[in-house]
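After this come two complexes, each holding chain A, first together with chain B and then together with chain C.
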Partner chain A sequence: MANPRYWRENPSRYNLIGKRCENCGTVHFPPREICPKCRRKSIGKMKSHKLSGRGKVYSFTIVHEPMPDFSLMKPYIMAMVEMEEGVRLTGQIVDCEPARLSIGMEVEATLRKLGQEGSSGIIRYGYKFRPR
Partner chain B sequence: MREVAIIGIGDTRFGELWEHSLRDIGMQAGLNAVSDAGIAGEQIEALYIGNMAAGSLIDQEHLGALVSDYSGLSQLHIPAVRIEAAGASGGMALREGYLAVASGLHDVVMVAGAEKMTDVTDEEIPMVQMAGGDQQWEGIAGATMPSLFAMMARRHMHEYGTTREQLASVPVKNHKNGALNKQAQYQRAITMETVLKSPVVADPLGVFDCAPVSDGAAALILAPADAAGKYAQEAIRIAASAAATDTLALQHRESLTRMDSVKVASTKAYRTAGVNPKDIDVAEIHDSYSIAEIMSIEDLGFFEKGRGGPATLEGMTEINGVVSVNTSGGLKARGDPMGATGVAQAVEIARQLRGKADKRQVTDAEVGLSLNVGGTGGTSVVHIFRRA
Partner chain C sequence: MMFGHGEKDVGIVTYGAYIPRFRILPEEIARVWGENGEAMKNGLMIFSKSVPYPDEDVITISVEAARNALARADLDPEEIGAVYVGSESHPYAVKPSGTIVAEAIGASHFITVADYEFACKAGTAAMQTSMGLVSSGMAKYSLAIGADTSQGAPGDALEYSASAGGAAFIIGKEGVIARINRTLSFTSDTPDFWRREGQPYPSHGGRFTGEPAYFRHVATCAGELMKVQGTQPSDYDFAVFHQPNGKFPTRVAQQLGFEKKQYETGLTTPYIGNTYSASMMIGLSAILDVAKPGQKVLGVAFGSGAGSDAFDITITDEMENYNKAAAPTVKSLVERSELLDYGRYAKFKGKIVMKE
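On to the complex of A and B.
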């Protein structure tokens, strides 16, 4: 992925800042300008909202055939995590033996290296999850 | 809106077609369809081509002009456009062709689908496939397309007790069907043990739960149904064409165990065609992953939610079962050249409804359905077909 495409999302990706619809209270991540539930009523009412970083594993898998940038990490754990705020995030789980994994396991977000551009390019950082 | 019929079908064999380029196979499928319909090239008024990723795979865009040109149509200067909706590109191209004829804008159009995937190394394919999901918020974290379906599979097992053997029964059935299809990439049966012991891609899914990397092309000629009698072949009526979208990223779905785009598109299609799920004799379903076929036969209303796994293991979706699913071999055994897949599904249904499906013929097939899915269900396209 070319640098500017993830660079511009860094404030939200580093700090887990999404948006909360002031009309219905739903928290969205990544940030959206329109709430899919409220549509027109939500315009101008989407306020920045920082996630607590705590959540539970909703589903998971162990990736053995990754995209090229991730080949040194394989096998690694991918999960979908349901955050306390109700929104789900896709991220890796680290510092965890695969045998410990289960749906419902409590995890917290942690800032880690996600990858880098080619073999010597700019490093991409973002959230992963670890057992809590 | 006018009724629309398929008057010609054509395809290439799917597989690693090393000696053939994208333009070769696009031309060949188109030529086969024109010849099947018994029409002349001058009768084609427009061309719609489904293709997902030629820009990434072979650095080539502008496929409308390319395929039109190499099909010998350049001096006719017809409008030609490439349609992209990830894995549902072919189904969407069929829908665009259908709309053009139904609206009265064109009389005879060609719908084609083509993809050339084996010109790049295997390592590059996961990136191309993942472009059908959300690269910005799923791919960047390391999610691959199979890993997203694996997370659906794990939820389906968690919520409904679906078993590993039930998942494996999908590729076993589809390989059994593919063994009867001369155009299929894999024409051999496999055992459940083979699936269960295959290398893991993203657990619980192994290599045999995932559709292969394929080259291939397919084409259809469409015309108004009321004029269909004057062409060479028995016409197959398109009784409904419906498409639906959903969130791009899987993480934003309410449920991981169903695809709402499949439910919405199929509900619309059944209503338009005036049929129920139990009326479907033969269906080509988007089995890009084993779990996708299980969820889809539930979301299409063939079986209750949670019953897709047991139904498949019990043989209810085999040829001449309760509903014959993926008689061609499906994406798993026939092959999955992404943009060609949705068109190839319609080719198979037309063969079945014409009664020309050889050893895999479904007895007295009258009503057929195709389901073409993009990404994790961000797009679904459903067509219903009837003998005219």
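On to the complex of A and C.
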């Protein structure tokens, strides 16, 4: 991934900054410029909103054929996490054996390495989740 | 005294620690290298050491520790004026760890940031710089972090101790829970331990790391600080020293005249190994986890190369109102553990050469 494209998304990846529609109150992540529910009524009313980082596992899968950046962690867990704010995020679950994980388990966001551009390129950081 | 004057009413406003959850036992390392595990364990007084997951490094550990510190305090991260990260395992040779840490804790962009390096005492050097900035009025709060994912060459004695962890202290004048009455340093050119640029593993002088390095610097620095402060070991409720293993801090504490009840609370290395830049700071965090107003703490860090930073600390009444429960204690971080065999440890630490 090109550095600028990654860099632009750092506020969301580091600090879970999404957007909240001031018209209907729905929180969106990643940030959106327009609320798909309110459409034109949301123009100018989408405000930055930091998620609490707390949520519950909505669904998950165990990955046995990893992408190169994840090969040392195989098998690893990818989950859909329903945040306290209602929005669902996809992320890796760390500090948890696959056998221990269950739907509904409470998790919290943590900052981890997401990958790197080889041994001389940039290191990408962002949110993952772990049991609370 | 050339250093340590002038700091007034400066101290720790909040603190946080972080220890990765994986551990390896000395017996397991010894099994692979044909050593006597029992002898290594007892010789070093290290019963297990922490190991970072493959997605953890000094930056993620620093962020965890700093977020734990912020969770305990009613403090706007935008009021932090400086971020210093002390480590000897910064992920980048050029690009400060502090830039990513500052962004990830929601600090302002109008701050000063730098990475520090002084072997195992880079974090306390960051604390001293922070004290200077705060007492001079240049910053309201300054964040000092010590964190490492230290390296020990496979089969070397260091492999039994080199571990991972971090501690973050926010230094300020308002809402101080632990006042730093005085700091003092002792530094000399002593080649006890080093790592040349580009080398993956450090080198050390074996037994030379003991008397002329660790013991001389720690004992001199602690002794001088007590002389300047007019105190003696019995005046302190707690004492914590840099912990390259369990044995050195125990011996230096006894040499200085401290008793077990004073130094056992801050002695964490036997269970998590040597966290390098975080070693004394995690020990100090373990003390802050239990300390009560009015109690006094002596903390002495050591960095190879070599130098010591000593701190005379008094717990203030603010500790009563401090929201300690908002972040995990050192004890809970130590207890949250999962054992690894040497194979998984080697994989996690990147000791196995992979195809790119």
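Basically, the second predicted complex is superposed on the first by the 131 of 132 C-alpha atoms of A that agree within 3 Å, B and C clash if a C-alpha of one lies under 4 Å from a C-alpha of the other, contacts with A are read in each partner's own complex, and residues count from 1 in each chain.
Operating definition for what follows: contacts are C-beta pairs under 8 Å (C-beta built on N, C-alpha and C of every residue); 3 or more make two chains touch, one makes a residue touch a chain.
The shown structure was predicted, so the numbers you read here are calculated from the model rather than taken from an experiment.
Student: First (chain B), second (chain C), both or neither: which does A:73 touch?
Tutor: both
Student: Quick one: classify A:95 as touching chain B (first), chain C (second), both or neither.
Tutor: second
Student: Return the chain, chain B or chain C, that is in touch with more residues of chain A.
Tutor: B
Student: Starting from the residues of chain A touching chain B, keep only those that also touch chain C in the other complex, and list them.
Tutor: 71, 73, 114, 128
Student: Please output the residues of chain C touching chain A within their complex, sorted ascending.
Tutor: Interface residues on the chain C side: 21, 53-57, 59-60, 63-64, 91-92, 100, 103-104, 106, 347-348, 350, 354, 356.
Student: Mind pulling up the chain A residues that touch chain C in the complex?
Tutor: Within the complex, chain A contacts chain C at residues 10-11, 14-15, 50, 71-73, 94-95, 110-114, 118-119, 123, 125, 128.
Student: Can you check the complex and tell me which residues of chain B touch chain A?
Tutor: For chain B paired with chain A, touching residues are 123-124, 126-127, 130, 135-144, 146-147, 150-152, 154-155, 158, 199-205, 247, 249-252, 256.
Student: Across the complex, what residues on chain A touch chain B?
Tutor: Those residues of chain A that touch chain B are 1, 5-6, 9, 30, 36, 58-68, 70-71, 73, 75-76, 78-80, 88-92, 103, 114-115, 124, 126-128.
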